[in-house]
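Down below are the structures I want you to see.
In the two assemblies presented below, subunit A is common to both, partnered first by subunit B and then by subunit C.
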Partner chain A sequence: MSMPLVAIRALSHTYLAGTPLETRALTQVDLTVRPAEIAALVGPGGAGKSTLSHYVNALHRPSRTGCVSVLGQDTASPRCDLGRLRQDVGLVLQSPHLQLLERFVGDDIAFGPRRQGLAGDTLRERVRWAIEAVGLDFERFKDRRTFSLSGGEMRRVAIAGVLATLPQLVVLDEATTGLDPRGRRRVHAILREQRASRGMAALIISNSMDEVAALADSVTVLDQGRSVLSGPTREVMCRAKALREIGLASPSAQAICQALSEGGLPVSTEVLTPLEAEEAIWQAMTR
Partner chain B sequence: MPHPLIAVNSLSFSYGQDGPNPIQALNGVSLLVERGSYTAIIGHNGSGKSTLAKCLNGLLLPSDGLVAVDGMDTCDPDHRYAVRALVGMVFQNPDNQFVATTVAEEAAFGAENLGVPRPELLSRLEQALADTGLSDLSERNPSTLSAGQKARLAIASILVMRPACLVLDESTALLAPRARLELLELVDRLHDQGLAIVLITHQMEEVVRAERVHVLDEGRLAISGTPQEVLLHPALAGLGLDLPPAAQVAAGLRQRGLNLPDDTLDSAELVRALLDLDEARS
Partner chain C sequence: MASYDTLRHVSIGQYVPTGSLVHRLDPRSKLLWLLLGIVALLTARGYWVNIGLLLLILGLVRLARLPIRFVLASVRPALPIIALLAIMQVLFYAGPPGTVWFDWGPVRISSGGVRLMVVSLLRFVDLLCLTSLLTNTTTSGAITQGIESLLRPLSALGLPGHQAALIVSIALRFLPILGEQMEAIVQAQHARGALVEHGRWAVVANARRAAQLIVPLLVDAYRRADELVLAMRARCYQGGAGRTYLVQLVFSGRDWLSLAAAAALVALTVCLRSLPIP
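Let's look at the complex of A and B:
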């Protein structure tokens, strides 16, 4: 079996340790992301998802407890090459306002690849590709002022800016929140396409169980700073009761089949998407 | 005849209209928000939803056309406070709107600034904290609340101003499933108490809760109607929007030949319709 891209073991994190505002954010958390895998991190608000994501590109580094290995580098080690690591791991923050920095959209997206040494036509083509990858029109958007964009457009530009550096791993912290359904599908499609064409992996943080069910290969569930469930998406999503207990829900498609099953219709409840639910219900109705 | 609560008449809005590259966000939008109604506004990214929301209480003023709240032109500076007190806004990230150090002070802040007399203020505050389930948290620092509690605090601070309308701009987007449902249930209760609701959302299953749905596309109103009329409208897919999951399943089953009624838009309706159908068959 190939070495994981990200291996986090027994990681704990405390904000403002030793002060009256001390807050325990993570306790003995494990997380694994394998090459070319789309992994999801879910959990109620305050579960520690964003804190954990900051360890993946070494914005936080373990001090005393836990071990974080990303692309073969131990991020706690003084020899860890942070420049290299952050080029290879693209992080899209929850708030695009914190991520965007250039006045014009085209320059903002060119910022990363330019620092990787791209220039001229190669750079322009990379920017065009990234803008179109998130479903925006290159000619119409490249000269728009970054901060005149709508909330959803800013999110798309933030994602494009990270994709433009062709990272080996992209971390999306609620990055598709506020995207319209077509925009979400575009982002899902580009993640799958980059995985197929060059083995890119992704770690997505999402509050939408429907999105996770449709996109992710594996899921880690955090609750109050602990990893309480993890495994292949179908396995985790079938733990309806455990998910409900911590304030999460089953994907809509599965909830429909669950309700039908409780109502006496012999339908499979191990479905993740509306299409799978349709097939399972059709089987049951024509039995 | 009384004025409609909010009348939007041929509203156009451009950002940077005095600069070299104005961006037209709204183009000739007309709609009414009646007292006590429940309206949903949907549309793809950049279609003008948030701009429209900010025009409803005068945070943005029309480039052209008119927005009147209870008959008061939002452009009239004399009516600014009255308009803002009648139409309250809740944004996606409440952290951006908190200013005080306790929940009670935060909730009272807006009404205090409107000059509500203290005894009246305290009784409204008590009611608003009770309505939003925050009574036990009144001395907490807002920054220590969960995301769902913060959203409810943002609503409480508006309720203290005794508004006639609550505008929620993607306020549920950052919430985990249970917190999202709790917020929607709170909104339903406030609507039952007579408050008009304007819900801006990308979650198509939330649209089903509304009485009237407006779809924006490139700054224009593309479709308006009941949730059923809008969700079954043939132009919807072309506007970058999807059916809610339950309606997708229902549409697929209908196509395969199951005799499901047209109005199965949410999960509960679909489950009921399927169980009825199964019973009728056996």
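Let's look at the complex of A and C:
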């Protein structure tokens, strides 16, 4: 089996340690992301998902507890090449407007590729590709001021800025929240396309179980800073009772099948997507 | 551990419930304590009196069952300004010089300048700790209620006491939020490789980038302020007229006692001015 891109073992994190406002965010958490895998982190608010994602980009680095290896680099090591690591691991934060650096959209998206040494037509083509990949028109948006954009547009520009560096791994912290359905589908499509074309992996943090069910290969469920469930998406999603206990809903396709099953229709409840639900219901009705 | 916890250590504005005697005091007595404390700080002269005041404030911090390190953290964000002021005072002090150690054009380093610098430094630290102590032991709602109650007699002169109180409490409440926001922006820029962490020119490069931190911070602050206004309007906020409070303020014996102690402190610092204490 190939070496994981991200291997986090027994990681704990405490905010404001040693002050009256000390908060334990993570306790003995494990996480693995393999090459070309789309992994998901789910959990209720305050479960520690964003804190864990910051370790993947080395924004937090372990000191005493836990071990974090990202793209083969031990992030606790003083020899860890942070510049290189952050070029290869793109992070889209919950608040996209915080990560826009430049005055104009085109310059902002070009920021990462410029640092990689791209210039001239190659740079222009990369920026054009990234802007169009997130569903924005290059000519209309390249000269727009970043802080004049709407919330959804800022989010798309932030995603484009990260994709433009062609990272090996992209971390999306609730990056599709606030996007319209078309924008969300476009982001999903580009993740799948990048995985297929160049083996890019992704770690998505989402509150939408439908999104996770449709997109992710594996899921880690966090609750109160602890990893409570982990495994292939279908395996985790089928543990509806365990998910409900920590306040998470099943994907809507599965919930419909569950309700039909409880109503007496012998339909499989191990479905993840609307298409699978349709198939299962059709089979149950024609049996 | 987190490399970005520093900016979260903005202790001013963070309420820390410990249930101590200081927490249980009426907010009005704590506000008056702050006012009288500032008078005492401005009256105090010399090293020893200021050191004594700092020790007294740290004693109050312990009485409030707060870690001294946590309250002293309020000084950290102000360190660059304090350092700049200290350098200016030492180099350009124009009062009675005492012993002059270095004199070149407008620049003169003397014992008088150094004394002023140390005393100003102590005053600054005292003031920050005192303000931090007030906000660590009093909720923003109680501060608003306290200020409004203290300003009520002035409403006859047309002073909008409630609005003034609300502005102060919102400003105090926003301080840690802005600190956290700044931290989030720094994190976001690190994530994109915009800030340099190592290397010979890291300081220069980051100083240039610092200007770019301010714009998103201001944009976010305006956005928050705008949302706060909308939220207040949506919840029918119409100023202080006719507004009632769940908890009615009661000035008890211990509040009078604490005020008497503050008044005695001011009297003591005034008396000590006439004594030749270094």
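Simple rule for what comes next: the second predicted complex is superposed on the first by the 287 of 287 C-alpha atoms of A that agree within 3 Å, B and C clash if a C-alpha of one lies under 4 Å from a C-alpha of the other, contacts with A are read in each partner's own complex, and residues count from 1 in each chain.
Note that a residue touches a chain if its C-beta (ideal position, glycine included) is under 8 Å from a C-beta of that chain, and two chains touch if they have at least 3 such contacts.
Please read all numbers here as calculations on a predicted model, not as lab measurements.
In the model built by aligning both structures on subunit A, subunit B clashes with subunit C. Once chain A of one complex is fitted onto chain A of the other, the partner contacts of A:161 are limited to subunit C, with no touch recorded for subunit B.
Looking at the shared chain after the overlay, A:17 reaches subunit C, while subunit B stays out of its contact range. By the touch criterion defined above, A:111 lies against subunit C but remains apart from subunit B after alignment on the C-alpha atoms of chain A. By the touch criterion defined above, A:95 reaches both subunit B and subunit C. When the two structures are aligned on the shared chain, A:148 is found in touch with subunit B, with no touch to subunit C. Comparing subunit B with subunit C, more residues of subunit A are touched by B. The clashing stretch of subunit C relative to subunit B, chosen from 58-66, 238-246 or 256-264, is 238-246 in the chain A superposition.
When the two complexes are superposed on chain A, the residues of subunit A that touch both subunit B and subunit C are 95. If you check the complex, the residues on subunit B that touch subunit A are 15-16, 21, 23, 25, 43-47, 50-51, 92-93, 146-148, 170, 173-181, 202, 204-205, 240-242, 244-246, 248-249, 252-253, 256, 258, 267-268, 270-271, 274-275, 277-278, 281.
Only residues 1-5, 8-9, 11, 14, 16, 18, 66-67, 69-70, 73, 181, 184-185, 187-194, 197-198, 212, 215-216, 219-220 of subunit C touch subunit A when the two sit together in their complex. Residues of subunit A touching subunit C in their complex: 13-21, 54, 57, 59-64, 82-83, 86-87, 91, 93, 95, 97-101, 111-112, 115, 147, 161-162.
Residues 43-46, 94-95, 144-145, 148-153, 155-156, 174, 177-183, 207, 209-210, 244, 247-249, 251-253, 255-256, 259-260, 263-265, 274-275, 277-278, 281-282, 284-285 of subunit A are the ones touching subunit B in the complex.
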